[in-house]
Each structure stands twice: as structure tokens, then as C-alpha cells.
């Protein structure tokens, strides 16, 4: 079976740098897959992506060595299994708030006896190799998201579930849950403490700590001990870059600042 | 009929700033349409976009006031008409090398007696208004591309065709045709002279001069007299922004430069 | 944030007239969006529409001022959130039969602390504005459907849930649940009494009363006090209009009534 | 080979009633295919339909006995052949203005020695039967459109081409070409005379006369001698029906005429 | 209502031979639908197929008399109802492990009072006929899968649920659940006994016994008493046939065995 | 630039074995790409494939080392360029009947000064590498089809065009053009002589000889000297394999031969 390169990085305590896909296009996914990232996550929760497009994006990522992850829309057995069959090497599961929810997420990712995954890795065998069944339980990673106060309260329960390879903090949702405005890179004490608490719990349970980050915060998070960080996200990178371009160009033209989006 | 805002800018000798769409996605088009650009061009020639996606992208652009243009794959009557029926307010026609080819491009854009466009503006009437037929010949713009030495030789023939609203230089193809490597913003004399020659011919024939440009060159081109310039392009902006992000993030981690795309 | 125009109508006790979308096409949605309706509902339950098409239809509706609603396939947290992120300004939730189910529907529509909606309004911010988070809990409407005898029994429980903006009667399912044949505009006593009972409960709880209706029944329902009525539905309007056309044309030809669909 | 039922009607001098498809959806096509029409035409010229959708629509029509026609975007050999391979039983070819153009249209429809059609009826054999090659030249119909003054001048040339089964008048384009506004059912003398002239030429050449018509004009055209008439068109029937519905419903509510599309 | 031909076979104690669809294409479905099979199952669980494609495949199957089944991704009310509205004549429901789960599957398939199916058979009425509602509860079949040891333990509970028309053994998952490697046609005692036990329980409860089989095992299963067997599966048949072809062709060329997939 | 492995085989006078793709699906393409073939051809002429699907199929093939070719619908400059930009490493051009047509095909494949290809290899640079422009004229192959008597007459003209890397015989069309029934592997003298004549002309002009073949004929063609042969084709392999399966299974059941496709 093709190895999960991200898991190998983690085994060496090295950080895995990722990219985030929200644009429903296999071409933008392919462009992203050539940008020297360790993993790419197809976001089926907040990204504008459903199964058909996610499948095409998995194929596009498979033209490179970048490891394909999928954030499923919800902690739902059916879609977790369906995305693994399509060749995802890891699933990020949103809003896992209790030990029972973490167990359910893991169970969907593992063939019996470790879980309840149904057999039929129809595309996965082409991507991974014909010995997929023998190794999938080891190579495919399950990554619950910690992003609510409920999850904070159940941290040890969640992190002690056998088969949780990593957790991934959702800073926006965690901030909102803490009564703060949604922010990616906040240093507000309540949020910073929660982040620290998760990190320490991960160390305690020998689970990889991950966090949705930005080009600005990713290095800080790695320094703190996170080993799964986000370097860039497609639609925000696009909007930022094009916005800068048009401001630069219009700025060079005195007295004519506005276009149709200006009002 | 909804006005062609780009044509109004040109009537005031003001530049129209554009964006370029090559990613086949209505969402990335919608993101781009909110970036304060005057026009957006759906590139059906080199972009990875065919009719179905172009149609969805026209709808996405129509959620804003940005003027929608289409670069058709070739100087082909059928596709020009089909994109106008779908609501494009201008077509950019590649590789127009002679007066006859310019006449054909214009004819496809105009209802009789000015042209041979067939009647059936099935989506255009929703976007533009029910009086579309009465005004379309005036509002819809036809923009041949000048991008070969053959076109340079036939400049006056092309520019004197009634109904050519603007021309759009393709710097890459023009460079190659001149025996130079493909470059967007070259100052190589042979290319710079050709660009200047086209600009002057446009002035002579009262045709708007346009050019495929970048954030770096667009201000210079406006200063030279171009009134249709490109500020940004989706897939290259995406690759550039994400590439910068990952380099910044990896650069912050000593001694671990590479990912799967690094080799 | 762009206002929810339907909510404004309701605040003035004015009826909101809607259209129903079951044909999976962004173009038919755009045609419908130009027909002077207050709201359009993309039916992901019985309509032949899944996420990708629904997204394209939301974009098509966004080319007009018509307010976009979505009927989700089921009272499922993941799809409710996903459609709101895509820009829906209201969700109609089928088969809400208890207070707990109504609470779940509302929770999926609201950010904490009112609910559990996850943050990531990736298209919604383009449609609604960058201040979406600050206002979404107020502007986005949650509309459970009352369409079973179980729901009738739990009416007060359902209608007293904070955040239920309106309810929408499904006449067909309610009729079947009452042991009657499926009918849209029935005056059978058992059904008419149930309708009346829901209307009165809505008044008691200050919840907008809505009902799936037809061109024939909508005026009657408004007179009764409903403020959310259906004026037309795409596939049935299409079948009705084309059927009338072909019968009229064939009827004009003596002695030749039948075509391939005639047998 | 499955027979071409429309050709059988014509052999008995009976009219064939058709429907027009411009909405890019296999479901609306299937709805239309159940409306008792003899033929359905997928309009790839002015309809918002490209190959992928046209193929799905051909499959949808094939669930019924309605005969599938395609209007190709232009008199282009490649797309004519491609649509016949996909199972179309007739092609309507726009803007055929000369004998040479009619010959080209026919040649694309016929295997040698009658034409130049390339062999590969990959879906057609499933729809038509495995003996498709033996009968296709007889059963598949080629229908040039007469819709310009140039075509009027070359009527005899066009109609005398062996293999032209019918012609189909495009009233809108023909009107525009005659210097008139685009109208479907005009009785303006210049247009009425042209229509009559085409009808008589068809009789002379034993070619079926067809015309784009409406529910109002179709019976008159049949009375005049046309044997291919249009009874209804999807997007216009939809807009008409829904528009009537909303006007009726709003009209019943005093003093509140407008919705978002009202301005 | 169009009859369910598979149900008629079962009423005569005759086997129904099926095909399996995992390739997301309406054309491959149409090819399969012409291969003399009694039923075709669109596999939305392990097949690479989501709703939009499944809908197109249902239309493709509807061009023939083959009975369309769908395996839903999971025992989920919403998708079961959605596929029946789209015209499926049966649903195969994976991983039904208890009487309660069987009851839920059946309830989703039946209109009240037998179940909770919501009314809106929007495409089904075109495929089945306008009297669909009157007969659907009888004609549409519900087929839970027996594929775990838990299901084996609850066999009588599952099979005694009113409305379970057949069960369908998943040999791979059942093998894994029994601690064996995944195998289609195993004769390992533990698995063979389980198979036999299910068959006998079906006889006891007068439920049709079905099993996922192959060209090799199907005749044996029929001999044993199964009345729903699989004859072929699209992607595995394709891979097998093409693999044989290329091996045959390469084998004929001495000393040059390998291509790009050879290493 | 990634090398064209097929060209390397030809440089060593070794045969290149291919597969043919007519099913519009990126998954069936991916399955085929893992079958040890040297090249795969996406057939946009007779296959049921348009641009969007062809692009997805190119991405699917790019997950392996199999070399991607495209048969374009016709000898049309626009589509040839568009498919090369999408990453095709070769184009098969149907119905090339004269030296001028061969020159046009080659010109569309080559950047100036060898041809007129427009610059914009937007996906090709990701598949091939950033030095694509420097090597594309050498690596990308142009393969006209010889499949008419006209082409036979102009063989030397066609084969002497600089830049024709190979020719590919279309046995069906060539047979029809010779007045014979369409056959893949015919030994009818008129056809066999034509095949031999093409082979000899290829040797004279140092052009690779290719031919559409089958598992049965490919070894013979290689023995004759052809170096580009077809080993298998997706839809015919699928139909053949499934047809065999169902016949085998039904045959094992005495006295019950037929299913819905049997009549």
C-alpha cells in the first residue's frame, strides 16, 4: 500500500504543512497540489464541494505525491466511508464533542474488528495498491476537530479513544463557542488558554496536535508544538492576491479608485 | 437594456481594469467578481473552460455589476453567437490576422444588417433586459486579438473594420510570432516596437487599445495609452499566493525545506 | 448584511409569494427568479436537486433580488449548515414532528450561543456582505414543516421554540397522515380543520403561517391569514403549459389526436 | 432499426408536432417527452445546452417514444456527426444559405457513398438497434433551416439537394433578414410572402415544409401545408405559466402588486 | 403503475439476475441496461456515484425494461426517499443489523400508514405512471443487507419486519465481520454456515434470499435457493476484460512484457 | 519536460499498445490507466465525451505513467490546441484526406515557427513541467488518421508533411470508403491491400504506422510492422464481458433464458 507520508512525518515528530480546498474545481486542486504542501484537505463542510467534485479533486491530487485529506460535512458514518473508498488518506471530522462521537468517527474509518467500515475501496485500491485492506487501518488517519467548549470539557475522553491519530483545532468555532468573535489567529487569553490546554492534552495522550492556521500563525504554532498546520487556503489566497493586484493597479491611476465592486 | 459599463468608461477615455478566469468554477468567478474589477473575461481558449461552465460563470458574474466578457476558443461564428446569447457583453477573439477575419468576428457579433448574428438571446434578455435586440449591436463589444506578425502587417485592415470596438494584444503569442520567448511584460525592442505600433494604429482608427498585462505592467500600459488592461488572473494569482505562503511557512522551519512537490 | 426581504414583509404582516424549484437547472431557476416572486425555494427533498446544482441555482437566484430559500432533504444538521454557507436566506425543514426536532432545526441555523452552527459562510459573505456573522442569526429564517398528525399533536411544543420564524404546511403529506389521499388544495373537513388549527396556533405563538399552495388556493390562504404562500412550481407549471399547448394544437387538427405519449 | 416515427408521419402527409428544449436539464426534457409530442428538438444553437447535457437529454427522451432531434449550433460537420452518434434521429441545421451549404449538411448526415459521415454510432446502436448502419442513411433526417434572404434566393438550389428531408423556417431570423423586427407569427406581407414562397418551393421539390411556430400559429401553418410545426417551447412556456400564476395571485391581493422583479 | 418485473419473478419463485453499477456514467449504465439483466443496482455506497449521477443513470436504465434498484450509502431516511422519488423500484440498504434498523428502512420506503415516506414522487410518476401513489407501497421493494455478525444474531427480528421483501447478503463484509478475509465466493465453513443460516431464515419468514455473487457463484447460489443473484459488475468486468486483452496482446510480443502499469 | 514515453518506444522501433476511452467518466479512465497500456486515447469524435469530461479524464490518466492521447472530433484548430493545453501528449485527427489537411493538423500542434499553436499550456505545465514550451514541439505527437480513399490517393502528400509523427488507420471508415461493410479486422483483399499500401508508404516516409485493432488483430498488425496498435476499448470490453457473464449465468439455469433485454 502506498504510504501515508503525513503519518511518516508525524512519526518523526516533524510538522506536516497543509493547504485547504474550498473551490469546487479539480483544476484549482491540481494547482494547489503542485505547491509543495504535505497534505491538502478537500473541505466538504464549509467548502462549496460535494461528492462528485470531491472525487474529481481526489483524482487531481493523485497526480502528485501530496497526501489527500477530506473534511467531511459532519460526523456521519456514510460520508466518512464513502470518502475513504474514494481514496482519501485521512478524514477531518468537524464538531467532535464527546468520547462517544470520537469513537463513532474512528469506527467509520476502520475495518472490523477495530471499527465498522464496510468493505469496497473501489478507487482506493487503484490509488493505494491492491493490498489496501491489509494496511488501511494503519495508514488512514482519523482527525476529529476540537472546536467547542463541550469538546474542551471532554478532552481526555476524546483523546483517549484508540484510533484518534490527531486532532485539529477549529479556531473560529472554538472562539465563538468561548463567546469570542470568530478569529483565526487570536491571542485573546480565553482562546489562547484553550489552545494550550488542547496541546498539552495531546502530549499526554500521544496524539498529534493540529490547528487551522495561516501563513502568519503557522510558524508560531509549530514552535508551540503543533505538528499539523495550515499554510494556505485556496479561495482566501485567491481573493487576497487578486484584491492586492487590483488595488495596486487602480492605486497607480490618480483619482479613479473605483470599479463595480467599489460602492 | 443594461448598459455596457466598460463601453461607458471608454467613451470617457478611462481605462477599464480586468480580471482573467481560467479555473472552471462559478465560485472562483464569483469571488473574482467581487474584487472591484471593471470586467472579467472567461477564457475559453486557454482556460480550462467549456460552454457549460462558462454559462455558470456568466451567471456568477451577473450577481455583481462587473461586466462579463468571454474569450472564445477561436474566431468561430457558432461559439461567438452562443456566448452572446448566454449573456456575454463582449467577446475577445484570438488570432485575428486579417481584415477578412476581423469582418467575420464582427459579423458574428451583430444582428443584420450589420452582421449575421442569429436571433435567440435566451439568457441575455434576462441579464440585459427585454429590449436587448434594440440595443445589442451598440452595447456588445467585439475585441479581436492582435498577436501575430501577420496581424501586424494587416493592422490598418483589421482596425478599419466597422464594429471593431477594441483590440487586445496577446503579448505571449506576439512575442513568439516575433521569434522571441513567450513573455507577458517584455521590453525587448522588437516586441516593444510592435506594441507601440499597434497603439498608434488604434489612435489613428479610433479603436480602444487593450493589452494582456499584469499588476506590474498595467500602470505602464495605461500611461502609454492603453484603455483595457488586465490587473490579475485567477490561476496564476492562486499559484503565486499559495506558493508564497508555503515558502514563508516552510522557511520559518529551519532545515526542513521540502514537501512532496519539492523534488 | 443584505436584508432578508421576506422577513421585512412579514414584519409588516404582508404575504410573501413564492415559487418552487424542482428542475435541476440554474437557467430555469434564473427564469423563475425574474417572475416577480418574493422568494424561491430550491427543493432538495422532492426536487431532483442535489448540492452542486442547488449551489448553481443559488447563484442564479442571486442575479436578482428574489430571496433564496432551500428545502433541505431532511432535518439534518450537516445539510442545513451547508446550504446556509452557500447563501440560502432560509431553510424549510421537512417532517418536523416534535419540539426536540424543531430545536434541532433551529440550532443548525444559528451560531452560538443560540445554536450550534459552525462558522464558515464561504459564499454567504459574498452574497450577504462581510458583516454576515453579526446579523445572520437575525436575518436567516428557519421554517419547519408541519405535515403529520404527530406534528399536530406537538404544535405548541414546536411553535414555542425560540427561533422558529415560520412554519410551512405540506398539504399532501398532512393529508396522507390524516388518512386522506394526497391533495394540494383540499377542503375535506379533517384536513381543513388541521390547517385552521395550525393557523391559530401560529397566531398564538406569533409565528408566521405558511402553506404550500397553488395559483388557485393562494389567495384563499392569504385571506385566511397565511403569510407565506406558493404561487407556482416549475415542473408542474411546465407540464401544465406544454400539455395545454399540445392539446390545443392537436385539437385543431381533426381526427388526429395522438402522438407518442397518447397511448 | 427503430423506425423514425416522424418520417412515417410525413410519408402519410401528416403533420408532426414538436416541442423545443432550451433548458439544460434531462429532467425537463423527460417532462416534455411525456407531453404527447411527436418530436422534441434539443436546441444547441440558442438553447443553453452543450454536448454533455444534450447527451443526457437524448437519454431522457429515449425513455419515451418521442423522436429526438437536435438543432446543432452551426452547419458544422463535427457536431452533426457527434449528435447522430449520440442517437439523434434528425438534425436541424441553422442558417443554410446555399446549395453548397445544404450539400455539406447532408453529407455530414450520411455514410458513404451518399455522404462523408464517419462510422462510430456508439450510443445510436443501443437506441436504434444493431442494424443501425444498414438503415441510418434512410431513417435519419436532415433539416436545413431557411432563415435569410440569401437562402430565399437559393431556394431551388437548397431544396434540390438529394437528402434534404425537410426544411425548417426560422421566422425570427428570416424577419430580421428581411429588415423586419424579430417575430414568431408575423403576417407582415414581406414575411408572409417569403413563407409562402418557401412552402411552394417545398412542394415543387417534394421536401417537407417545417416552421418554428407557436400554439397560436401552428394550426394555421398546418392548414397552409406545413407538416413540421412547433407546439411549445420549454423556457417560454415556463416563464409564461409562472408569470400568469404570480400575476393572478398578486392580483387577488389588493394594493400590493409588486415583488422583487416588479420594478 | 408500471409493474416491478423483479417482484413478478419472485412471485413465481424464479431468480432475478442483476448487474452492479459503480462507474459514475449514464452511458455505461445504458450499456449495462442492454445486457439482458433483470435488475441493475446503482451502488451509491461503494460505487463512485452520488445523487446527480444516480439520477442520470436511472434515466438511462429507464430507456430499457431492466428494473432499477439503488443501493443507498447508508440506512438513511432522506436518501432512501430521494432515490425512490427519482424512480428507483427498490433500495438495497447496507448494514441492517437489528429489527429496529430494518423497521426504519421499511418505513422510509412506504407511505403512511405503513411507513413515513414523504409524498413527492416527482420523477417516479413519469417512469411508473400517474397512479404511482396507489401502488408504490406494493411494487417498490425494500432489501436490507445482512452482512455482520450482529445481523446474524438478529436474523429473525429483521426478517419478521413486515415490508422486508428480500435480504441481500454482502459476502465481503460478512466475511470480515466473521474474522475472515474479504471474499466474494468463499466456501470457508464459518461463512458458508452463515450463508446457509440466512437462507433458511428467509424460507422460514417467506422473504426472498439474495446474495452478491459472481458469474462463477451465481448458478450455485440459485441452486441453493437464492432468488436474487449478481451476474456481473461494471468496473470489475471492465478491468478484467481489458486486463485480459492487454496481457493477450503483450504476450504475443516476445520479450517485451511491460507497460507503464507493469512495474 | 516529462518525456513522451510512446515516442521513446517508437524511437526504438517498439510497438506502443493502447486503450480506447469512449465512456464519459474519469473513473473508468483511471481503471483503464492501471491496465498496463502504453497509451490511452480519449475519443472525442465517436466517444460520448466532450471537453469537461475529457479534461477530468486527462487528470485521471495523469495519476499513472500511461501516455494520454486525444482523438479530437475533427481536424479543427481550436479543439486541437485546447486539448494540448489540457495536457494531451498527442492528438489523433480524424479524416485527414490531403496534404493541406495534414499541414493544418500539424500547424495546430506546433508553436511558431513550425506551426500556429497559441501559447497558454495552462494545465500542460503542471503535467509536463515548467519547461514545456521549450520541448513541446518535439514531444507532443500529431497523428492524422488515414481512413478514406481520398487519403489513400494523397498518401505521399500527407506522409511527407514535416511533423506527422504517425498515422492511424481507421479500419471501419476505410472499409466503408472502399465500398465494404464496416469491419475492424477484415482480410478482404481491397482493404488488406489498402492497409499494406499505407504501411509501405509509412516506411518510405519514416512515419510510424498505427491502426485501430483488437486483441485478436493487434499481434498480427505488429508482425506486419505497425507500431501503434489498440489492445482494448472500454465500452466494447464492458459490453462483451458483461454479456458473457449474463449468458453464462442464465445458461446455467435450465429453461429460463431471457431477461428484459432478451426479446
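For this structure, a couple of remarks:
Each chain carries a letter (A, B, C, D, E and F) given by its place in the written order, and its residues are counted from 1.
As a convention for this text, contacts are C-beta pairs under 8 Å (C-beta built on N, C-alpha and C of every residue); 3 or more make two chains touch, one makes a residue touch a chain.
Small disclaimer: the values here were computed from a predicted structure and weren't measured.
Rounded to whole angstrom units, the spacing between the C-alpha centres of chain B and chain D is 34.
Rounded to whole angstrom units, the spacing between the C-alpha centres of chain D and chain E is 41.
Centroids of chain A and chain D (each the mean of its C-alpha atoms) stand 51 Å apart. Residues of chain F found to touch two or more other chains are 24, 27, 31, 34, 48, 50, 52, 55, 123, 235.
If the chains shown are joined wherever they touch, the resulting network has some other arrangement, not a path, ring, star or complete graph.
Under the touch rule stated earlier, the contacting chain pairs are A-B, A-C, A-E, A-F, B-C, B-D, B-F, C-D, C-E, D-E, D-F, E-F. For chain E in complex with chain C, the touching residues are 50-52, 55, 77-79, 81-82, 85-86, 111-113, 116, 118-123, 133. Interface of chain C with chain D (complex): residues 5, 14-15, 17, 19, 23-25, 27-28, 31-38, 48, 64-67, 215, 218-219, 222, 229, 231-232, 234-235, 237-250, 252-253, 256, 258-262. Those residues of chain D that touch chain B in the complex are listed here as 22, 24, 45-48, 50, 52-53, 73-74, 76, 94-95, 147-148, 170, 172-173, 176-177, 179, 181-182, 235. Contact residues of chain C toward chain B in the complex are 26-27, 30-31, 34, 55-56, 59-60, 62-63, 123, 126-127.
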